[in-house]
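Same chain, two partners: chain A is paired with chain B first, then with chain C.
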Partner chain A sequence: MTHIAKPKFSHPNLPKNGLGLTRRNYEGVVSTLCAGCGHDSVSAAIIEACYELEIPAHKIAKISGIGCSSKTTNYFLNRAHGFNSVHGRMPSVATGANLANGELTYLGVSGDGDTASIGLGQFSHAVRRRLNMVYIVENNGTYGLTKGQFSATNDKRSKNRKGVENQFDSIDLCSLAIELGAGFVARSFSGDKAQLVPLIKAGMSYHGFALIDVISPCVTFNNHTSSTKSYDYLRAHNQVMDRLDIVASRPEISADYEPGTAIDVTLHDGSQINLHKLSSEYDPTDADTALSNLNRYKRQGTVVTGVLYLDPDEVDLHDVMNSSKQPLNSLGQSELCPGADALEALNAQYR
Partner chain B sequence: MQIDKTFNDFVLKFGNINGSGSASANLLCAKALFRMGLPVTPKNIFPSNIQGMPTWYEIRVSEAGFQARRDGIDVMVAMNPQTYRQDVECVVPGGTLIYDSTMKRNFGRDDIDVLGIPISKLCADNWSDPRQRQLFKNVVYLGALARLIDIDNEILETLIAEQFRSKPKLVKPNIEALEIGREYSRENFPNRLKVRARKSTRTRGKIMISGNEAAALGAIYAEATVASWYPITPSTSVAEAFERYAKRFRTDEDGKLRAAIIQAEDELSAVGMAIGANWNGARAFTATSGPGISLMSEFIGLAYFSEIPLVLFNIQRGGPSTGMPTRTQQSDVLSCAYASHGDTKHVLLFPVDPGECFTFGADAFDLAERLQTPVFVMSDLDIGMNDWVIDEFTWDDERRADRGKVLDAVALEQVADFGRYRDVDGDGIAYRTIPGTHEERGAYFTRGTSHTETGGYTEDGTIHAKNLDRIARKHETAATLLPKPLIRDLSAKSKLGIINFGSTDSAVREALILLAREGHGLNHMRIRSFPFGEEIEAFAARHDYLFVVEQNRDAQMRHLLVAETDISARKLLPILNYDGMPLTAAFVHDAVLNLFAEYEDIAEACATPITAA
Partner chain C sequence: MKPTDIGDPAYFHKVVDCQWACPAHTPVPEYIRLIALGRYTDAFMINWESNVFPGILGRTCDRPCEPACRRTRVEQKPVAICRLKRVAADNRGDISDRLPVIPKKKNGKRIALIGGGPASLTVARDLLPLGYECVLFEKDRQAGGLMRTNIPSFRLPVAVLDDEVERVLDMGVAPRFGEEVTSLKAVLDEGFDAVFIGTGAPRGKDLDIVGRAEASKNIHLGIDFLTSVAFKHTESIGKRVVVIGGGNTAMDCCRTAIRLGGEDVRVTVRSPRSDMKASDWEIEDAEREGIPILDNHSPKEFLVENGELKAVVFERMRAEYDETGRRSLIPSGEPPVVVECDDVLMAIGQNNAFPWIERDIGLEFDESGMPIVDSQTFQSTLPTVFFGGDAAWGPENIIWAVAHGHQAAISIDLHCKGEALTERPSPLTNLVSQKMGIHEWSYDNDVSNDHRFAVPHADQLESLKSLTVEVELGYDQQLAYDEAMRCLNCDIQTVFKGSLCIECDACMDICPVDCINFTENGEETQLRAQLRVPAENLDQDLYVSENLTTGRVMVKDEDVCLHCGLCAERCPTSAWDMQKFTFWDGTVMKGPERVGAD
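On to the complex of A and B.
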């Protein structure tokens, strides 16, 4: 579909956000993914989240690895620089980019192969370093571009299109991320835009590592009746744990949610997360209960979605490393080069 | 012993057990000789081990300024009974062996002087703490040796005071230990040794520093801000020195660091971070060794093809595989020149010593950004981890970092149709933008997949080939910007030349002098960079035969010359050393003479009067 160019004109009366930008200003090139791919819904949710958050797109860096999911960074935010790197290595590229300039918003998009197999090491270390980024996994349990092999997030006993059963336990990226110290861990379903958009907004506002594991069905290779990552399975087994509003210093838009307990968290950047828990069984700010909650539902074959864990104590890599408040890529010669006199003093030390 | 060898021309060797604290005493000895004005060449020959294995430290003193390692030990301090046999063997006839005679031993050589000092006993008598008894052994032998070869006492004591500046309590016992050794030697060996040190002025304007520290300093001066690395011998001290200098020179008013030094989880991540940071407009580097280069290769190809500046310090060690991690080699020439799959080619710089580690280290960042491509600084263990006597560092405060072709917001306003990979100037180098620069213009998509001039995905073969051709053109541009080879026409009419690069230079220069004394005049070219400039072919054209000296088995530089120039392979005769030890002049000299014997016409080509040496 690459030959279809998006028209450059748009309707003059399109709604605009506080920056005077329309949703069109947050779009990318036309997707080349299969019609009905869950990933396109995630791209749409990212566009919506950025539009609503009123982030200037050029202050976002989109970084990805290799695979269907990683291709999507081209399908949103045309005004942002994008980096489609090598397979499984998006976290290191994002880490370097973030060290160079901590003031941009880093949006990483990856897949289950890219994250849970070839990239598991880099994923784990980006989490434990508390890299300030939103890491979205478009999780379909399969390798699409190479035509349908099982991935490491594919559930044990789940079958592929040809009826072959997966013999290995799956890796739960959300549990792993909580274990490794991620500050914000959420799961969602690409078909639930109402849940996904605020999750992305909250993740982008969070100062630290934010994982959003989005179950995103592969319509071509993993959407059959014996798959646990199909649209039908998700609709039948999605246990929504909470709904949230994310408000960035603007009047709250009240949401019409089912009654439950509410948790308010003020984020580092001043925005408010208002989390409506739909179950009284767990506390998402407690890592132990978040983990046991995940495990319990997993045993039942239920996919829990929503904010699974939230650490109100926001810390990122720059805080830990004590690096300059000014972005390193903005510093000039006077701040960086010690000069000839300092070198003369240094020479004396080596005499 | 010849008279001219008596003063300021000898080799000391220390045989120790690693982890016993000998390193600082041995360095002290080298530093004291250096402060006496003597050019010294210390070589640390250490095991890949933490404690208990044999380790050696050699110091060549040469007032004439020869800096290569030299075989034939004049004074051996043998502190490791495990290696007595080989340590005794390496002493030249008429030389001296000093050992710990607490356990007496007959070494079976009557052509050398054996001086036994009951070092363990002296330490046991003077200290009760086992750790001190162990550590001060090293200082006791240093005290004895210093007296025997006339190392200036005041200089030694000053150095001890400097060494323990932060722990002043340790100064006194160290000086006492020194005196215990000195005292014992005075009482028991009234005659000093035949080899002696005598103050000189040969190190005026010189410093003594390792290549890894110098490379890190180059990165500091070049305004590098991000260092991502994974520990690997012998490159680790590059990152550690960078951190040390950064804390010293780059701490801001808030106590925060104007640099980010990050120990990655592996080399893949280390290079990925450096690429991410460079992409985002910071100057970033990684430091590694051969195994790390292998792991980084996929990412290096990405940086090459998506044209991201990148600086890699490769401190080469003995390969293949894990090889000899603590020995030196020049065996990554080919793996770096063509690192990664597909058609790739990279810029290599070959520093000769810590001085060039500093200058090339700084230049590498300018070149990487000018050319938008990976640049390798090809140091090695010998340069990187040993201390070398070099000219003092200098820096021109007028120098400005060359950030290459980067469009800022103002420039973007004037560019009608920005294309990240469009060759506007015809030198193969396109303009890049840094994320976050302009709200509407200049964003592009960086990818390792084949791309159009604007960064779009393409499977169009014509566009792909055109893009590859442009990148090749960029490397032609590179050849004009890189450090040129250093050519010395020592024997203007000679049809013989010697080609080398990197740390082999001191051995080659000394060998050329030895050969000249024997009537063989050769010219000399030291290659300093790749892709090769036209000077290299021109030098080859003037000569019938060229000896190519390198420290690897497969003659990798010779391969590169054959592949990348029109020089006939028949002209290039390899001289190869790959035992992991720093090269000696004797090795090069003997290899040249062997080739003379093998090819009759070489001797003819050489039979020209020598005009210089």
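On to the complex of A and C.
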């Protein structure tokens, strides 16, 4: 770990966003992770995404479980709300917070152990409840924090660094999320910020459950030659399915793509996702093709990245339950305590 | 762009902005680190080898290094490089056993040095350790040149000057003081193997306007006035003094005048204040002493009554700039300004004068009366005669005189050995990793956020009463330490090895100043534009790697790198390393004579 604090000086020409903030205003403390950890790149991508979306940090809640990945919430957005919870329990905390205050942007950061092992039950329910959050899994195929055990996303027959083979089938979090009704499902690679940053922006803007499974190599325990989650493996086996631009209030210049391969989706908040498929073989708005597409590539040992599934009908937990859109902490005396008559009327319903 | 050739000594040399800007290429960050460690003697020796006069320059240097200092690009003010040099000189210990050994047996070559200023003294310092015999002709009784006759003692105490001048003389200079050379031919006839001319630019410029002749008793040429004060021939001045000119000489004249009893001393300058030639800090010093500066005032006439100077009449000027930024001064049309005065000090520049050089000995002059001198070798058209300092191309300053002296000494040595003057010794360079542990470096990489520390001054009431009370007290050791910590260690280079890079982005993400990029290669202008923060400072190079695994290249903009080493700390494969780049200019002092370098 680095002993010095990151110098305060920044580049004098560092651009500012509409809030007058630079990218550096979205930083946290200096990371204590191993040098070269993919998780640090994901933190940098989150910083970039929030800077570009021009969200003030205090409008964001960052919530995590336990693991190297879950520690990273300390390394970005030091002005945001944060809750570093219990192993595998990030979804419960996020659910509670979201119900109490639906106005914040919920950014969950978890690991493959935190999500696919101990937290699989919690994860599943957050998905099926369409909790309005972006759920980022920093997926390194291992329990980094506890020194390198195989995790549930580690591919069968992949070896650990001592050469021992994993005997179990892996859980594909993206397939699972599509099955369980997530509205936005994407996969990316920590080493491809050009893809990852717009995905995070889109996920944060999406109204409903957005999963981004980021393959994020663990340089210490799972970056060896027989790993399927190493930098080299990803560089050789990454099949990019689509590129996306997210057009918020500020229009961006997007590259030219082949006509007929673009899918434009206008989100709840008015921003627009322009999705440019790089292959015409699949339709990311159709859950069945998305799933079969994923399975097919998985059998080949190819990692598909990009937006894998997108449900343009955005519905979240509050919509389903018709619960208070107004943050509970801002409800006044009359709303919280509507009086004896209201109570009488309510009780009467159940008689 | 092609991959950067870091084997070229100029590449990393340029990254050390201060050393690159220093005419004598003093290894600045190295001595600043030694000061922080309290190793003042070592810091002094590094300076002494490069610039010969650390105590003098630590008080008076024109310091071209400071505007170049990287710190100005990330913060407001440069590191106080010059004043830290003084700290090394003020706090050093005994150095007698560190000076080069002068061979008892001489090499049989005799060199004449004409003029005893810093240029000649540098030539002597460089040649004496090689066994040369150096004969110094100086018309005054003491050596030092303008450093003695013109730089006032309240800026440069005589003891400091004597100490550093004598150190050179004590190396075995054969002085011929009090001997003004009136014929170069006569010197040549003495059979010297080479002659170095370091006679400076000794003639102050004059103004031929109405009343000049009549008022001559009270109109003094600035440099002659300062010389006369230095030699205690002048000990008073009128109550009301007008100084004409906006350069450093004018600042020394006005500050000297108030110390001699001037009560109403004003500086007048033709141009707008922002265009004044004097260094900002010299103007500040004069203003701090309460001296007003009247800008846009062009002298038109000296008013004389009954043979006595009464006043100077000024025309008001206005500056106009054309599209190319070229300035012209034109009368503003406002009524003239009359400034009453008792004495005038004229400080509008210096000229060279070589009446003592015969024009028929093969030494050629150009139309403006300046000798023709080769800018690399300092040789004149007469092969045995070399020039340097203010005598070569007109008035500069001490550090340039020293730099010229070094180069002339190299040429004289080559000339005496019968070798080609163009085969200059190459610089001595070295590049060594500073890694001490996983995240430990041999240098302090924690960047200080402090602003520049002010140098304490003597009580003004006291210093204005005396010509010899030094105004600046210098940093004490604590202040020096704090100031030294502001240095960014620009000589500790970021060295990149592309073959080790796994393109994890960690270095790019951690870099506090967004120097590092992984991007498609392209032409320089295109590449500069496409970086995370476009590289708009064209004076600063891009460090471009070979192609990496993904086909991209690493591009680092050197411009505002803090040399914090965080890139190297975050790199999992040590593709980045922090390596100390040592650069010693090519000089004649080599091998055992080299001092200070470690």
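General observations
In this text, the second predicted complex is superposed on the first by the 321 of 351 C-alpha atoms of A that agree within 3 Å, B and C clash if a C-alpha of one lies under 4 Å from a C-alpha of the other, contacts with A are read in each partner's own complex, and residues count from 1 in each chain.
The rule we apply is simple: contacts are C-beta pairs under 8 Å (C-beta built on N, C-alpha and C of every residue); 3 or more make two chains touch, one makes a residue touch a chain.
The shown structure was predicted, so the numbers you read here are calculated from the model rather than taken from an experiment.
Of the two partners, chain B and chain C, it is B that touches more residues of chain A. By the touch criterion defined above, A:I171 lies against neither chain B nor chain C after alignment on the C-alpha atoms of chain A.
Using the contact criterion defined above for the overlaid structures, shared-chain residue A:G191 touches chain C, although it does not reach chain B.
In the superposition on chain A, A:V315 makes contact with neither chain B nor chain C.
In the superposition on chain A, A:G121 makes contact with chain B only, not with chain C. Once the two complexes are overlaid on the shared chain, A:A262 sits clear of chain B and of chain C alike. Contact with chain C, but none with chain B, is seen for A:S10 once the two complexes are overlaid on the shared chain. Residue contacts after overlaying the shared chain place A:N74 against chain B, while chain C stays out of touching range. Using the contact criterion defined above for the overlaid structures, shared-chain residue A:L145 touches neither chain B nor chain C, since it reaches no partner. Contact with chain C, but none with chain B, is seen for A:Y231 once the two complexes are overlaid on the shared chain. Overlap of the chain B and chain C interfaces on chain A: residues 2. Here chain C touches chain A in the complex through residues 73-75, 439-440, 445-447, 449, 502-506, 508-510, 512-515, 533-534, 536, 549-550, 560, 562, 564, 566, 569-573, going by the rule given at the top.
Across the complex, chain B meets chain A through its residues 35, 206-209, 217, 220-223, 225-226, 228, 249-250, 252, 254-260, 262, 264-266, 268-282, 284, 298-299, 302, 392-397, 400-401, 433-440, 443-449, 456-457.
Taken together, the chain A residues at the contact with chain C in this complex read 1-15, 24, 30-31, 34-38, 40-41, 43-44, 190-191, 193, 217, 219, 231-232, 235. Per the touch definition, chain A reaches chain B in the complex via residues 2, 29, 56-59, 61, 63, 73-74, 78-86, 89, 91-101, 103-104, 121-122, 124-125, 321-326, 328-329, 331, 333, 335-340, 342-343, 346-347, 350-351.
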